[in-house]
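Two complexes are shown next, each including subunit A; its partner changes from subunit B in the first to subunit C in the second.
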Partner chain A sequence: MTRKPLILRNPSILIVLAVLAGFTLTVTLLSQAYGSGVIPTSMIKVLGKTLCLALAAVAMDLVWGYLGILSLGQMAFFALGGYMIGQWLMYARTEAIVAASMAQNPIPPTPAELQTGVANQIFGVVGSSDLPLVWSFAHSLPIQLALVVLVPGVLALVFGWLAFRSRVNGVYLSILTQAMTLALALWLFQNDSGFRGNNGLSGLQNIPGLEGVGQARLSVWFLWASALALGVAYLLAAWVISGKFGSVVRAIRDDETRVRFLGYPVEGFKLAVFTLAAMMTAIAGALYYPQAGIINPAELAPIASIYLAVWVAIGGRGRLYGAIIGAVVVSLLSSWFTGGRAPAIELPFYSVNWVDWWQVLLGVAFVLVTLFAPRGIAGIVDWLGGVMPPRRHGRDLGPDQGALQEQEAKA
Partner chain B sequence: MSALLEVDGISVSFDGFKAINGLSFSIGAAELRAVIGPNGAGKTTFMDIVTGKTRPDEGRVLWGETSTSLLKLNEAQIARAGIGRKFQRPTVFEDQSVADNLTMALRANRGPFAVLFWKPTRDTARRVAELADEVGLADQTDRRAGELSHGQKQWLEIGMLLAQEPRLLLVDEPAAGMTLAEREQTTTLLKRLAQTRAVVVVEHDMDFVRRLDCKVTVLHQGAVLAEGSLDHVTRNPDVIEVYLGR
Partner chain C sequence: MTHATRPLIAALVAFLLLIPALPAHANDALRAVVAQNMDQIEKPSRRTVGPLIDQIAATGAEGVALLGAWADRRLGLSTDGRVLIVDGDIVTDAVTGAPVPGADPKMLRPNSGVRGVIESALVASQISDPDPAIRSAALESIARSGTADHLAALTAAAADPDPTLQARRDRLRTLLTIQHDDDSATRIAAIESLGGDVGLDFRAVLNPLLSTRQIAATAPPEGANIARELSPGDDALSRNAAYDLLKAQGIAQPRLTADAQRDALAAHIADGAVGGIPVADLSDPAARDRAYKALEATGQVTPAATEAEAQAAIDAHRFYEVYAEPDSAVTDAATAAQRSAQTRLLAMRGVDLGLDALSLASIYFLAAIGLAITFGVMGVINMAHGEFIMMGAYTGYVVQGLISDRTLSLIVALPAAFAVTFIAGVALYRLVIRHLAKRPLETLLATFGVSIALQQLAKNIFGTQARPLTAPGWLEGAITVNDVISISTIRVAIFVLAVLFLGLFLFIMKRTRLGLEVRAVTQNPGMAASMGINPDRIAMMTFGLGSGIAGIAGVAIGLFAQVTSELGQQYIVQSFMTVVVGGVGNIWGTLAGAGLIGVLSKVIESFNPSNTLAAQTFMILFIVIFIQFRPRGIIPQRGRAAEA
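Let's turn to the complex of A and B:
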């Protein structure tokens, strides 16, 4: 039996990819480096970072919208990806600087001296001069790139295996994921964990070997890379949730016990999706932090992962494009409101300052969406597509008695 | 005739209450059996033990020609070994189409990666169509399972069980909520299925059991009270006391 290709079965993929390509092209043509310069470099970076957040949101939607696990620890994987690439960025750049300064010495430095010099530079701030064990591979870009996906992947695999095997579900699992990200943040905050404590890793916007390129062009390159990663990840996610695998995953979300009695190893499916999502999130993080320039353990704060869940909920969970819409709209609005550019509302007795009130607005929006539009912004797409639940004024939807009721169909 | 399933001296208690008390039971490879008993006799717990949902405190559950112990396996492994279970309340995946529900149940490799790379073939499409036809949902395959009526959901679930091709079918109160015509259809189907596999029907309804016309096991307080034809067990004074004496 021949089947239509994935893209034809699911036209939303084509639309998302086309919009993404159009967006990237437009931004490039308006950039300072490659076009008219209407969009300043700082804005290009914001847009590039937003694409990374959208990628993290797509992964969150896989885990929450399709698998039904409200993971409140996704940003742990995001930050770990950032830390892994940050190690190389910082090491390689410091090494170049130290090598340049040591080149003045009468005797050329040995590799050991060079390493000590680098360690002194990086870890002087936390009162140490030894290179920690976790930095053993920091000199190698290929190894650190592999670690970007391997470290979060292994963490997700081990954490997931322990949690799913014990059949921890629902709210308890959410709390557990949140505890995981909090524990990781607290560990990273310690100076002796080897990641420079609360200083984090900085200067990540300077890419070793590309010093001559300049931030204007570099920011566009990162935008391209982020867009490419988002496009590829979207295709991958759409493929995973199509077909029988997606069917089983949604079935696990709806009735896990029944899936077990069908003979499916539920834990294996959960682990596969959870680990895949962790790796996708890590790649997003590895692209995000070189654009942000700095990463520190505050990035792993539980609230960051909760924001991710809010974006997906507002965008519409259970729809991959919904996750992208949510992440883009809410994070851009958020940076507008908190950037101090939103005009304050002057009431006679009080001045509503959006920097303070934005979070309240977001919270209210979240509650309203959850209550009145469980499909989020993506629900508009469904409505346009004419898949609104039919209005039967309380009669059964199906031809027979006992079929789904109108109220049930809306959920 | 060697037994397909052999349950030997199992006991289980919940908070001191002995739900199953030294129960032994065996069924052949192609046999229809009705299990009856008053409320709290341990019928559902018995099914839970066989399908791996509940672990017994003592006893053995042996399966198949090799007499594998089912007690070491989890629910999914037991299902893959060939034991299918039909719940009292129809449980289908309401958010997905009838065809998707059936496809998921089709006998195939259940590993995550095998499922990820699984592609529908002419064979699987034909099989899904056959199954849908068999349970009277041939023209409903594209509909969401949630839109089906209660009876249709029951049938869809039966279709999913057939798709699994189990060697032993455990059916919990199939007649509940069915019309008279549907009951007759169900009886016919169960009898036909029992020609090629073992079928255990747990039922309250004596009329339905009489129509099945098969060997009956009466449970009471977690143990077998009597076994034999329906006429035989209904003449048993113990059974009469349990059912009518109170």
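Let's turn to the complex of A and C:
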């Protein structure tokens, strides 16, 4: 039986890619570096970072919306990706600076002296002058790029294997992922873990070797890279959840035990999707932090991962485009509200300042979405497309007693 | 010694300065003694001054004050031959105690030998003073810095009428004997009499006895009390340290460091080359060595020790650790005493650690008990639990603002916090959780939304800075058993509170109608409903109860932690861990979980006390691994309820 190509089976992919391309093109044409300059560079960076967050949200949707694991540790992978690329960015840039200053000396520096100088420069703030073991490969861009996906991938693989094989499920698994993130954050907070403690890695917006390019053009390049990564990841995710593999994954979400009894290696499926999502998240992080310029362990706070879940929930889980919509809408709204640009509401007795009240609004909105619109914003799309199940007012879906209930079919 | 006694003597002098206000104070005996021995006072000799000092001391308080000033070099002679005490700008006559304005006395400078004699005479008079406060102060001053003279004075003094002071004096004398006695046998006996004692003072006496220094020599040093021989390359003495030792003793040349080499090369650049090697090539360490060799050959730089020479120098010498104390019998006794002290110390540290762990466990238990009810009994995940703890703490803060009496406000705050969080819990249940029954992940998320909103709300109301929640006076301070074991009162109170709550929980669950109904609903809601129990109402009450207990825990936690809007967040993950590790649905499981986490945290922390972050990291890792082996916790839920 010949199957239609992936894209034709899922027209939403085409729409998402087209919108993404259109968005990228529009922003490029309105940027300072390549167009009219309507959008300032700082805004381009915000948009580029938002695309990275959308990529992380797609991965979250894969894990939560399709596999049914509410992972509260996705930001750990995100930050790890950022740390891995940050190591190279910081090392290479510091090396260039130190080499330039050492070139003033009458005697050219030995490689060992250069490394000591770099280590002094980077780790002076935490009172150390040795290059930790974890920085062994920091000089090499290809190795660090590989580590961007390998380190989070291996972490996800080991953690997932441990958790899935002992059948930790549901809420327990969520708490466990949160604990993993907390442990990683606490470890990174230590000065002697080799990642500069709570100072984190900074100056990441300066790309070594591209000093002459300027932030205006760099930010657009990063926007392109982020958009490309998002597009490719979206395609990959859509491909993963289509076909037989995707059916099994969704079946695991709906009834893991039943799938296991049917003879499928549930743990393998879960591990594969969990690890893939971790790697996607790590790539998102590796693209995000050079645009943000700084990374520190606070980025791994448990709350950050939960925000990711909030975005996906508001956007609509179980729909890949829902994750993108949620991440983009909520994070842009969030930066608008917390940036102090939203007008305050003047009540007769109190002035609602959105910088203070946005979190409250977000929390309440989140509760309301969970209660009344479990499909999130993507539910509107479903509704427009007429895919909502018919209202049967609780009657069975089939003729027999014990047939699927409406409640079950919805979930 | 003089520094230590100065406050005491100054106090005495200040006391004496009040005397001029009283009539008929002039000390005729002192006047006579001073007049007869003027030359001795002016030029005292250590050997002959003793009887004079005894005479002066015998004249009473003024004499003692004079001696104090003398020992402190604050005694001067006026031009008309009067003895004056100088205290800063105030000058008084030592005999009459009358102020002498505008005097310009010639200061007396007794040598240290004389001062030692004076001081021990002073202490001797103080430790036999009728006032117990002065005797106690004298002992304290000797304890701070005792000398051999003090030892003699202590030995000679008559027995103290107060048995506690006498005990202190005996201990002090033993300690001074160890430090200053001439006879080794006496010292060893003194050390052995205190064997196994863990007091800080005894350990402080032993440490200098056992202090060592490292020396390098070609043969074992004659007459030195050698602790052990070191071999370079060990943990105790690295090769570099050994070489530094040789350098410090002037036996070996300094080795050429990389920096020194670079500077030497930089100083000898000629025509873009050093020693015939182009500067551009000097980024290679081997090229630098060649260039330096070339410079050495031409005599432009001093030859430095090479690696091989350093090696030879180290090999040619033997390294010893030598005690500062020359008598080996004493050091042996001290080592034995220290070893037995350390063993007991270790045991006591263990007890102390156990107390710490117990108090940490009770904090976790308090924070988790509410969660154990809502999550454990009802299976409802409440991520806003931490915020209920925070609400309780803020309630305590508000109540404290209304009622100034600390004890009363605490008594009011506990039920108030319960009421506030009970209502909040019931509201949360009715508005949110009831509608998400049987959808645990969504309950988790929705309550998380509530948690975000509550946290920000608290920030908006109370600000971001920490609010103090002060404990009443009787909860401050600590219960101290000895130098090692102590526990703050507030932690004892929290432990008591945790035990109370355990009892309360057991009482409610096993002895009341509500508890019966809760257990019924937990086991089989359908059957419970058919027996006339309203499961919805019971669930609501249970949720309210769990939240209320969280509020009370908040007050307790607020007493020792800073009350901020993030207070709850710090405890929520640990609380969940406690419940999950312990096993869901069982209060004893929660207790076991809290105990395990508390003890392990403290034990891990004790390995590296400075790094609590690492302790927490390992703790969480441990829990993650623990869940692997006991996915259902220490006390797993059994039976039908476990299936749900």
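Rule of thumb we're sticking to: the second predicted complex is superposed on the first by the 390 of 411 C-alpha atoms of A that agree within 3 Å, B and C clash if a C-alpha of one lies under 4 Å from a C-alpha of the other, contacts with A are read in each partner's own complex, and residues count from 1 in each chain.
By definition in this document, contacts are C-beta pairs under 8 Å (C-beta built on N, C-alpha and C of every residue); 3 or more make two chains touch, one makes a residue touch a chain.
In this text, all values refer to a predicted model and were calculated from it rather than measured experimentally.
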- Task: Classify the contacts of A:Val364 with the two partner chains as first (subunit B alone), second (subunit C alone), both, or neither.
- Result: second
- Query: For A:Arg341, is the partner it touches subunit B (first), subunit C (second), both, or none of the two (neither)?
  - Reply: neither
- Thinking of the overlay built on chain A, is A:Val168 touched by subunit B (first), by subunit C (second), by both, or by neither? second
- Task: Go through the superposed model and pick first if A:Pro108 touches only subunit B, second if only subunit C, both, or neither.
- Result: second
- Considering only the touch criterion stated at the top, classify A:Arg9 as touching first (subunit B), second (subunit C), both, or neither. neither
- Between subunit B and subunit C, which makes contact with more of the residues in subunit A? C
- Thinking of the overlay built on chain A, is A:Asp255 touched by subunit B (first), by subunit C (second), by both, or by neither? first
- Message: So in the superposed three-chain picture, is A:Val310 touching just subunit B, just subunit C, both, or none of them (first/second/both/neither)?
- Response: second
- Residues of subunit B touching subunit A in the complex: 51, 74-77, 79-80, 84-85, 87, 91, 93-96, 100, 103-105, 110-113, 115-116, 118-122, 125, 143-144, 146-152, 160, 164
- Parts of subunit C lying in touch with subunit A, wherever the complex brings them together: 258, 262, 265-266, 269, 274, 279-280, 282-285, 288, 381, 432, 435-436, 440-442, 444-446, 448-457, 459-460, 569, 573, 576-577, 580, 611, 613-614, 616-617, 620-621, 623-625, 627-629, 631
- Message: Touching residues of subunit A toward subunit B in the complex: what are they?
- Response: 1, 3, 240, 243-245, 247-248, 250-251, 254-255, 257-258, 260-266, 268-269, 271-272, 397-404, 408-409
- Of all residues in subunit A, those that touch subunit C in their complex: 70, 105-113, 159, 162-163, 165-168, 170-172, 174-176, 178-180, 182-183, 186-187, 189-190, 192, 302-303, 306, 309-310, 313, 356-360, 362-367, 370-371, 374
